Amino acid sequence: MCRWLAYLGSDIPIEDVLIRPDHSLLDQSLLARDRFVPGSYLGSQFRDHAFPTNGDGFGLAWRGRDGTLGQFRQTTPAWDSQNLRHLAAQLTSGCFLSHVRAAPGGTIAEQNCHPFVHGNWMFQHNGEINGFTQVKRDLTMDVDPDLYPFILGNSDTEVCFHLALTYGLADDPVAALTRMIGRVEQARHDHKVAEPFRATMCASDGTRLIILRWISPDATGDAAPSLFHSFGARSLRTVDGTPDNLPIDSHLVVSEPLELHWSERTWHEIPAGTIGTVTPGTELEMMPIQL
Amino acid sequence: MCRWLAYLGSDIPIEDVLIRPDHSLLDQSLLARDRFVPGSYLGSQFRDHAFPTNGDGFGLAWRGRDGTLGQFRQTTPAWDSQNLRHLAAQLTSGCFLSHVRAAPGGTIAEQNCHPFVHGNWMFQHNGEINGFTQVKRDLTMDVDPDLYPFILGNSDTEVCFHLALTYGLADDPVAALTRMIGRVEQARHDHKVAEPFRATMCASDGTRLIILRWISPDATGDAAPSLFHSFGARSLRTVDGTPDNLPIDSHLVVSEPLELHWSERTWHEIPAGTIGTVTPGTELEMMPIQL
Amino acid sequence: MCRWLAYLGSDIPIEDVLIRPDHSLLDQSLLARDRFVPGSYLGSQFRDHAFPTNGDGFGLAWRGRDGTLGQFRQTTPAWDSQNLRHLAAQLTSGCFLSHVRAAPGGTIAEQNCHPFVHGNWMFQHNGEINGFTQVKRDLTMDVDPDLYPFILGNSDTEVCFHLALTYGLADDPVAALTRMIGRVEQARHDHKVAEPFRATMCASDGTRLIILRWISPDATGDAAPSLFHSFGARSLRTVDGTPDNLPIDSHLVVSEPLELHWSERTWHEIPAGTIGTVTPGTELEMMPIQL
Amino acid sequence: MCRWLAYLGSDIPIEDVLIRPDHSLLDQSLLARDRFVPGSYLGSQFRDHAFPTNGDGFGLAWRGRDGTLGQFRQTTPAWDSQNLRHLAAQLTSGCFLSHVRAAPGGTIAEQNCHPFVHGNWMFQHNGEINGFTQVKRDLTMDVDPDLYPFILGNSDTEVCFHLALTYGLADDPVAALTRMIGRVEQARHDHKVAEPFRATMCASDGTRLIILRWISPDATGDAAPSLFHSFGARSLRTVDGTPDNLPIDSHLVVSEPLELHWSERTWHEIPAGTIGTVTPGTELEMMPIQL
């Protein structure tokens, strides 16, 4: 598994969610806790085959100066990066995505680190297209030939992003992402891939977040990757005990809550099989993904 | 914590202990299991504050061509390194050391990765000098001025190695390492460092291994880092089920056994507070460290 | 431009050609001299737009233990790599390829470093497919779907290699490489790419080298990348003046001679538009490439 | 040699001096031109032993949010860094230092990359303490024991910085830097180092730049590293021809001008043996360094 977060709201120092909370994304890079449930005896365990380390690179993309997007990616573990700490302390933004990657033994390259950026869109993913080597060629062939040369790495996520761009991400993001999900499911069917497509995804043009949580409808004995949402003013528990107050209009979407001991009143699980758009200052509404 | 292994015996492909066993050093880089005890209900847990990830660099040093030493170090996680897999498959040696480092948030540099090499000696360490920033200057000043410029990083281990070289590692390794341990304890005393000096160390000139396991005598509520020894022909359990038979004269010294389900008949815990020399084809004898 | 070398002959320490000569491949990584001509007033200059630095990664592939291939690649400059110096000193081989890459501002990744390895074949290239973004999709589509998922980076060379594998590199290397060249030329024609395809390439299965030097027949005002061959016993000038004698059966194929002051009696330029196979102990014969 | 720049003035996007000029610091990382003199026949040559490539790491430090300093350093070549391009485009600052390093075959580590930062001071250097291995121990021993543990790398520059901090950099920077220069010269004398100490240095607390240019008075046949200053509104020539206008109050101090074809009316050489303080909106005055 990987771990990601996305923020939308008033400008904040990026470190306020990336570094300072006691279970920040930086902390999750070293030791994610997939199914930590407050009060449970087994609270500190992670699930069966789930994997606590996300040390195979990281990335940050943000709406920056003049509305253009910045991007910073490295292949080393996030927890070791002095650069990441410095940048997160200096950069402020009202819309940013960040991701820590788990791909042990896989293909380590900056070009495979999320978030991906193309023009004024950024994109990140947790999960996987099982059987990707079987379906990769078909999916890649569907990418607009003009976009094809911009695929620089070999990850499933980059192909999904370029499919969504091909299907009109800039014009109707929900429709484009839905069509992309459907295209992947079609490829699974064409190549008789039994294992499910599992995904939480976030796309953003710097003004809104489009998020989805998915698992193939024919999946058995498996679950969609976790995804949580939190909206409004709240104070996050920090490593050093200093206050970390988020703005009243702040949205956070995260693979797992940024606090070790969290409350279901603050962090709401997003249902599997849904997609929605996070916009400034309004409640999030998720809708079923209709392929 | 970190994790290391040392091998002495007939030439073997390095991958036979570094990569192929089902709890190889590569596997330990991703998920060490500090106190795995076969048959225990809590067998898969790690201890209190112990930490399962050793992803902050790795290294390999080996007796190579014409008896000279080779060295390979990288700051990236061992589990991700395609180079390490290739080299371990191609290189054969009768004496080698390898180490995976845990220093999250610390100073990541090749110059801080173990094993360290100076002339025909190699050296590695698991543990730490607590209060190192307080005692570092005193210890470093004791290093032979001719050796001083060869200190390239900022780790406690590199200072210990150069102290041992200063104290005559090449002439009488047991005496030199013992004196180094004593010097560190003296510095702790001088600077009133309460937390203990914890160490398992291995020095080698390519023909023998000198190993020690230590914790400060005044330590309370803490233990020396784990250390195990195995001698003679045995077959290690492998990831893929293929046979992995070690030579009859092979010595292995490891932070933790290279097998997930191991037997105390094969892997013997080395007592804290002892030092000994591993030589080809003879049983290991450990002696108390007399400061 | 990039720079590469290939060796075939009796086993030698790899450093004897990679590190020790006074214009070794390591030296060429820092300061290549494209058109150094002994005795010329302008001898030390490099050509027009030619570029002296090959600092964007390097690689080494070699026939190793049991005839299997080893591979070592890093994205950092070769001249800085302590690992490369150590490995080249320790490894001996009778067949190896090595490459230093120039791709400033391009896509830096281990997956784009040469030599590429697939099964028992290794491959490297200097030059470029001009207009690659235009022809990339067509060329990639021609790769055998079973080989397609093995393309991990985004370089033109990796596509050429997989095309050659698709066209039967293992069965008839000269025919497969020739067909690959023709396929690239066809794509240039289809997409009306005016700039030429420039290439020196080397493929090897560890027992022989297949080499070629090429520039598109319709090129005007441009030349094929340089390529030289040297055969037999000779002593290379070294950085430190120590003798560096190559075996009597040794073949070297290089982008530029490994000596600063070289003789045309030792280093023979390979004609553009030719392909040939280097086999142990016999003279090299180059033949015209017939598309 | 290395190359550096320092900026003081109204806030500008960092890319305006780091990336966009036609001989930006990024360009100088790949191909510095030590003695380019406009109009000279030999204008494009570099001096004797001078070295055009600064590919052994880079760094950026800047006055950022709330007056605190940001820092970004990597060991890879600046010219390859997509991160550097993105950050330089997004970050704006009124005071920043940046450095590209040349240390081929040396010790490559983030901890050796300039600018160094300690508290609210940043520091960078071009040049070298010849005979550093001989004098390193003496100089390091003079560093305040409380500052000693903050030395993390093994460069001469980091020792010089910590000596200056020891000598009161925060209270009287010109006096502290002068005393540091004198201390190094004393060490050269004590250890009979014949080769000179060569340096251009810049220290800054984010509100002013203290700069110096130095060569040992007993140097023969060698020169101080180059250093240039430019003040006031001017338009730099850019790679892509777009306007790049600097503010009227902008100071630039650089190892070499940021333009390929530059005018002595704009770029003024700083005399060797002088030190001075750059403050906002006033002309620079350099004074002789009096040891």
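A, B, C and D are the chain letters, set down in written order, and residue numbers restart from 1 in every chain.
Quick note on the criterion: contacts are C-beta pairs under 8 Å (C-beta built on N, C-alpha and C of every residue); 3 or more make two chains touch, one makes a residue touch a chain.
All figures in this text were calculated on a predicted structure; none of them were measured in a lab.
Visitor: Along the shortest chain of touching chains, how many steps lie between chain B and chain D?
Guide: The least step count works out to 1.
Visitor: Compare the two sides of the chain A and chain B interface and say whether they are made mostly of the same residue numbers, over half shared, or of different ones.
Guide: Same, since most residue numbers here occur in both copies.
Visitor: Give, as an integer number of Å, the spacing between the C-alpha centres of chain D and chain C.
Guide: Chain C and chain D have C-alpha centres separated by 38 Å.
Visitor: Pull out every residue in chain B that's touching 2 or more other chains.
Guide: 108, 110
Visitor: Testing understanding: with touching defined as stated, what is the shape of the graph linking the protein chains, line, ring, star, complete or other?
Guide: Topology of the interface graph: complete, with all chain pairs in contact.
Visitor: So in the complex, the part of chain C that touches chain B is made up of which residues?
Guide: It comes out as residues 13, 62, 64-65, 68, 70-74, 82-83, 86-87, 89-92, 110.
Visitor: Spell out the residues on chain C that touch chain D in their complex, using ranges where they run on.
Guide: 30-31, 52-53, 55-56, 75-77, 79-80, 103-106, 108
Visitor: Quick one: which bits of chain B touch chain D in the complex? Just the residue numbers, please.
Guide: 107-111, 133, 136-137, 141, 145, 148-149, 151-154
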